[in-house]
Amino acid sequence: MIRILDRPLLHFGLAAATVLALPLLLRSGTLASEILIYALAVAACNLLLGYTGLLSFGQGIFFGLGSYVAGLLLLRTPLPVPAMLIVALLAGAATAAAVGWLSIRRQGVYFVMLTLAFSQMFYFLAYTFSGLTGGDNGLLDVPRPALAGVPLSDPWSYYAYVAVLFLGLFAALQRVALSTFGRTLLAIRDNEARARAIGFPVRAFKVAAFAISGAVTAVAGALHAMLIGVAPLSNIEYHTSETLLIMTIIGGSANLFASVLGAAAYLVAGDLLSAIWPRWLLLLGLILIVIALFLQRGLWGLIERATALVSRRPVSEDSAPDRPALPAEEPQP
Amino acid sequence: MSAPASTSRAPHADPLLATEALGVRYGSFVALKDVTLRVRANSVHAIIGPNGAGKTTLFHALTGRVRAATGRITLAGRDITRVPDDDRVRLGLARSFQVTSLFATLSVRENLRLAAQGRTPWQALAPWRGVTGGTTALATAEEMLERLDLTRVALRPAGEMSHGQQRRLEVGMAMAARPRVILLDEPTSGMGTDDIGTMTALIRDLGRDHTVLFIEHNMGIVMNISDTVTVMRAGEVLVEGEPSAVRDDPEVRRAYLGNMITGDLR
Amino acid sequence: MTYLFQILNGVGLGMLYFLLAVGLSIIFGLLQFVNFAHGAFYLLGAYLAYEMVERGASFWAALPLAALAVGLLAGLTEAVLLRRIYKQPHTFHILVTVGLALVVQEFVIIVWGPIGGNLPAPEALSGVVILGDFVYPEYRLFVIVFTAALAAALWWLLESTRLGAIVRAGSESPENMALLGYDTLRINTAVFALGAGLAGLAGALAAPIRGVEPFMGVEALSIAFVVVVIGGMGSYAGALAAGLVVGIAQSLMATLWPEGARLVIYLGMAGIIVAMPRGLFGRA
Amino acid sequence: MLHRRAFLTTTSLAAASLAAPGLLRGARAAETALVVGVPLPISGAFAANGKFAAMGAALAAEEAGAALGRKVVTRDIDTEGKPAPAARKVQEAMGEGTRLFAGGILSSEALVMGKEVAKGGGVFFTTAGADEITGQECNRGTFRWSVPTYGAIAQTVRPLIEQMPQAKRWYTITPQYVFGEGLLTAAKAVFQEKGIEHVGNSYHSLAEKEFSGYLTNAIAAKPDVLLILNFGSQSSDTLRQAVSFGLKKRMTIVLAWASGLEQFEALGPDLCEGVYFGAQYWHGVDAPLNKALVAKLRETRKMSPNYSFAASYLLTKLLIDAATKAGTTEGPAMIKALEGLTYAGLTGEEEIRAADHQVIKNYYLLKGKAKSAMADKDDFVDIVGSGKSFLTPEAAGCKMT
């Protein structure tokens, strides 16, 4: 009795359709690649925000870390790209596990503030240790080596490479979300006290969610460095974390494809608006306010409403899987 | 209603769950003081007392949600005073909450499946394992659905059910962990008369294959189905004994029952 | 000797940080609301004071007027916008205030342009005080005295008035306020306006020191967060103590290890949350 | 590529709403007109520079278009002041056929864009400050107009030491990254050569806004001269706070890398008075091209050109001229046309050095004047000195490949 819109297969289909549609709709392979790369990082962010209920301002740490791993390994070692990506994945998982392990000691706003502090700390670490990170200049000349003899220098051939990885990792994230693990995360998001009371070691689950999210984010960061040919300091900035969060919320946290939608909408709209009006951030600000007030399920919520309108079936706002319909701790008469 | 559950036990058998001079403090406030409790295996044990007597705090301490400041807790002879809350579930201790505490957006079946999975939570830490893999948990969930008469609403989000259904699910979540001791915190709270009957039957039924420790304000139920009653007041145990003995205890009458019971002592 | 002067200078900085953070702290304490637009109110206060002085008003008139205007604007924003989402998860608090901050910042750029401006300190305070080798601007000295007086007034407001009692009761338990029968909606608006007005005042007060530029709110917000977290969210005394700690630490680091100043501040912030989550003075 | 184009034309109406970013930019215009990409921070913290630079580039294109009788357009690219969008959008522009780029205000974005453009066989002309652009990170496709740190120090610190022989104690405030290090290293070399006592230095981070702590350090060191080596709003903050600490009366203040008119406008004449500034450009410079530009701008827009405007104007003009001469916009021919070029620039005669693509031009030492002495609202400073000082390409570390 799962509603059509909630079917994971549909979400994967939509993700695949996005991969095929981007080359038809966009002139720039670079923008298309960036959309998929951000979509990965945003889906990973969604695993924390939408599935575990953790609002982390630390995602930029792992994105930046991935960029630096790509820069350092491709510039200073003969390691091939796939091996580099595995290193980025592991480094992202390890760092995220550590940051997560420390951050989840606190809850609510304190958790948010802690991730914010870590985000700033890592930024200033990267800034201070410029021997390793290139400081403000970043690591320049990050190459895009050929893969099994196929050059990736053309934007669309790199897009193809990114697309394959994107679909693989998207499917993997979906698998995670549907597994017993992912469903336990949903339970923790809904009611952490109860999850603990029925025997789940909630901390271990949260740390694992962080690790998986950080791993995917770091791979996205590495792909991004290869895309733009530099591992810039700005990738590890607090601002990157904020942007990833905003994309996640714009898309909606109901499912992983909503994140793809959020990343695509943000980047395309940003690209379009910034070309028209330098003060486009004003519009972005207004959009955020509107989403917070009227469209809390994000763009995906908009699609849900639209299909409900077409099929004349009411969408029950209460059944929203990303928002507890009933405050679990509220006393009842 | 008939006589108390009649699975008779040796009166001096070792208790399954016990506390020894248990104390809990919230800051400078002493919530529990010197509580010594013996819960015999396969008994139905009620805890009663006025609001603020420390009943729920006792549950919190038993399940590890709050830390004991003094004293110790044993489960089947094993000291569990320092065992974290989630580990106590694996040792066979499960509870329900006074205020319904469900996974509101998840389906009823999923609530029960999760509760069953809580016995083997590390298996669930596998991000690659699908839910069909955990068939034992699913089977338990199905069994509970039937036992709780919730099969019809198995796919509805728990938060959308009626209050009575939610209370049943609340108890069912504790049952799904297949615990040795099941702790129920005011299982009938806020229920209508019909629902209370169903719940009473359910608890009595539970008493056949579990050890039940429950907090209850409805004296009818307490007197009807309990083997032992502990009366608490101001964080301390006032009296402990069989229902009839407790009912007739003059101090209990004076301190508590007199102004609580409205002729429902059957 | 330099250290002593750095500490003195740090006190001056710290008082400004206190003023910047205390509003954020009060708002959080009462409303459990994470206000990412706090820096925007600081920015707006600075620009309003700048505009008034540019148009010939005296700084002494511009200072309270800017604060008042920001407070009114914030109260209005609270009443039409923010109160709708108090009950929503923090995610949406953050989203709406981040959006608001962007709108204010871009609005400032549209009205006043992307280039900043200079707001001179009032003539009477444009000199310096000389203490041996140490030089200190009179205006900064004024900021210390003014903020100290304001801190005392605020203390009185929170400790000895009815509004203060309500705010304190509300901070301890939000249900209290409704139970006591107060008009929570109006009190929320008043407190939000007060908190934002204080940020606006801090902005106007800081303008002669820092000048005005459209991105000053971003830095102010991060400092305010650090101070509030270290002091304890919702704690008045904590904001004062933490403001001073951060100000003095920053000033001392300028001599000790300038490169690491920020790193140390954020390390301290993370350490405080992990070790003592309620901050130095937060209520348990 | 072909089928994509075809698809776009046949379904353009239906797709327009979805594919606006790809379609809105005149793809057809790009094929006939001469396009100069202008990658600048149009939004973000450096939007002020971006705004004027975009105007300058547009003016150059307009003039060239009229002179050549050919459509010449600039294409604004918003880098947001960050390397990632800068690199991505420059890649995109190259994908759509743009080969000439004039822009890049911040070092980090300019370095990245230079690499991208060179990789794609285009030409990138920038005003960014980082020495690496024509030093260690130099490449065939990148040209830089602004004088590197060595020349900035040589044309400010050196003449001031000569002018003020009694000022023996200097204190420096330096942002801690490559650019700041470049200025500091050059300054230290001059101090050593001239027997100046460097009584102290304060490093600060790029995010710093509060300088009172560093100023307290500086006061304690009792210098005769305070040399401020940061730039942009940080140097404005440093100067503003230094003046409030009464340092103007106690020592000479030198700001080695000022942005010129836009910075003076933000600071106001009172703060600028008596302070020495080093600058790449000043609209009062006595050079024919500059005079023409100033006259034209005052007449048409009632403004004086600032550094961002003027530099961007000149870079765009140089690229258009070279493209006209070469008859193509493709990299190799453009590079050939630009290398070694000597021309009458905004600062007098300027030369593009072939070995490292550095423009050899003047750097100016300015001194703020009193408000009462200002001839018009833009007349903030007098030119005290100027000259050309450059390291050899080898000393700058440029190995062109």
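The chains carry the letters A, B, C and D, assigned in the order they are written, with residues numbered from 1 in each.
Keep this in mind: a contact is a pair of C-beta atoms (placed from the backbone, for glycine too) under 8 Å apart; a residue touches a chain by one contact, two chains touch by 3 or more.
Note that the structure is a prediction, hence the values are computed from the model and not measured.
**Q** Touching both subunit C and subunit D: give me those chains, sorted by label.
**A** Output, common partners of subunit C and subunit D: A.
**Q** Farthest chain from subunit C, going by mean C-alpha coordinates, please.
**A** Most distant chain from subunit C: B.
**Q** Centroid of subunit B to centroid of subunit C, CA atoms only: how many Å?
**A** Centre-to-centre distance between subunit B and subunit C: 49 Å.
**Q** Starting from the mean Cα coordinates of subunit A and subunit B, work out the distance between those two points in Å.
**A** It comes to 41 Å between the two C-alpha centres.
**Q** Indicate the whole-number Å distance between the mean C-alpha point of subunit B and the mean C-alpha point of subunit D.
**A** 74
**Q** If you average the Cα atoms of subunit A and of subunit D to get two centres, how far apart are those centres in Å?
**A** Averaging C-alpha atoms per chain gives centres 36 Å apart.
**Q** By residue number and range, which residues of subunit A touch two or more other chains?
**A** Residues 124, 279, 281, 323.
**Q** Touching at least two other chains at once: which residues of subunit D meet that condition?
**A** Residue numbers touching two or more other chains: 47, 51, 205.
**Q** Using the touch definition from the top, which residues of subunit B touch two or more other chains?
**A** Residues: none.
**Q** What are the touching chain pairs in this one?
**A** All touching pairs, sorted by chain label, are A-B, A-C, A-D, C-D.
**Q** Spell out the part of subunit C that touches subunit D in their complex, as residue ranges.
**A** Within the complex, subunit C touches subunit D at residues 1-2, 5-6, 9-10, 12-13, 109, 113-118, 120-121, 126-128, 133-137, 139-140, 208-211, 213, 215-216, 219, 250-255, 258-259, 261-262.
**Q** Would you mind writing out the residues of subunit B in touch with subunit A in their complex?
**A** For subunit B paired with subunit A, touching residues are 63, 65, 84-86, 89-90, 94-95, 97, 99-106, 110, 114-115, 117-119, 121-131, 133-134, 155, 157, 159-160, 163, 173, 176-177, 190.
**Q** Quick one: in the complex, what on subunit A touches subunit D?
**A** For subunit A paired with subunit D, touching residues are 23-31, 34, 124, 127, 130, 135-138, 140-141, 153, 155, 224, 227-230, 232-235, 268, 271-272, 274-276, 278-281.
**Q** Which of the residues in subunit D come into contact with subunit C in the complex?
**A** Contact set of subunit D toward subunit C: 45, 47-48, 51, 176, 202-205, 207-210, 212-214, 216-217, 219-220, 222, 233, 236-237, 240-241, 244-247, 250, 262, 265-268, 270-271.
**Q** Of all residues in subunit C, which touch subunit A in the complex?
**A** 28, 32, 34, 81, 84-85, 88-92, 94-96, 98-103, 105-107, 109-110, 222, 225-226, 229, 233, 259-260, 262-263, 266-267, 269-270, 273-274, 277
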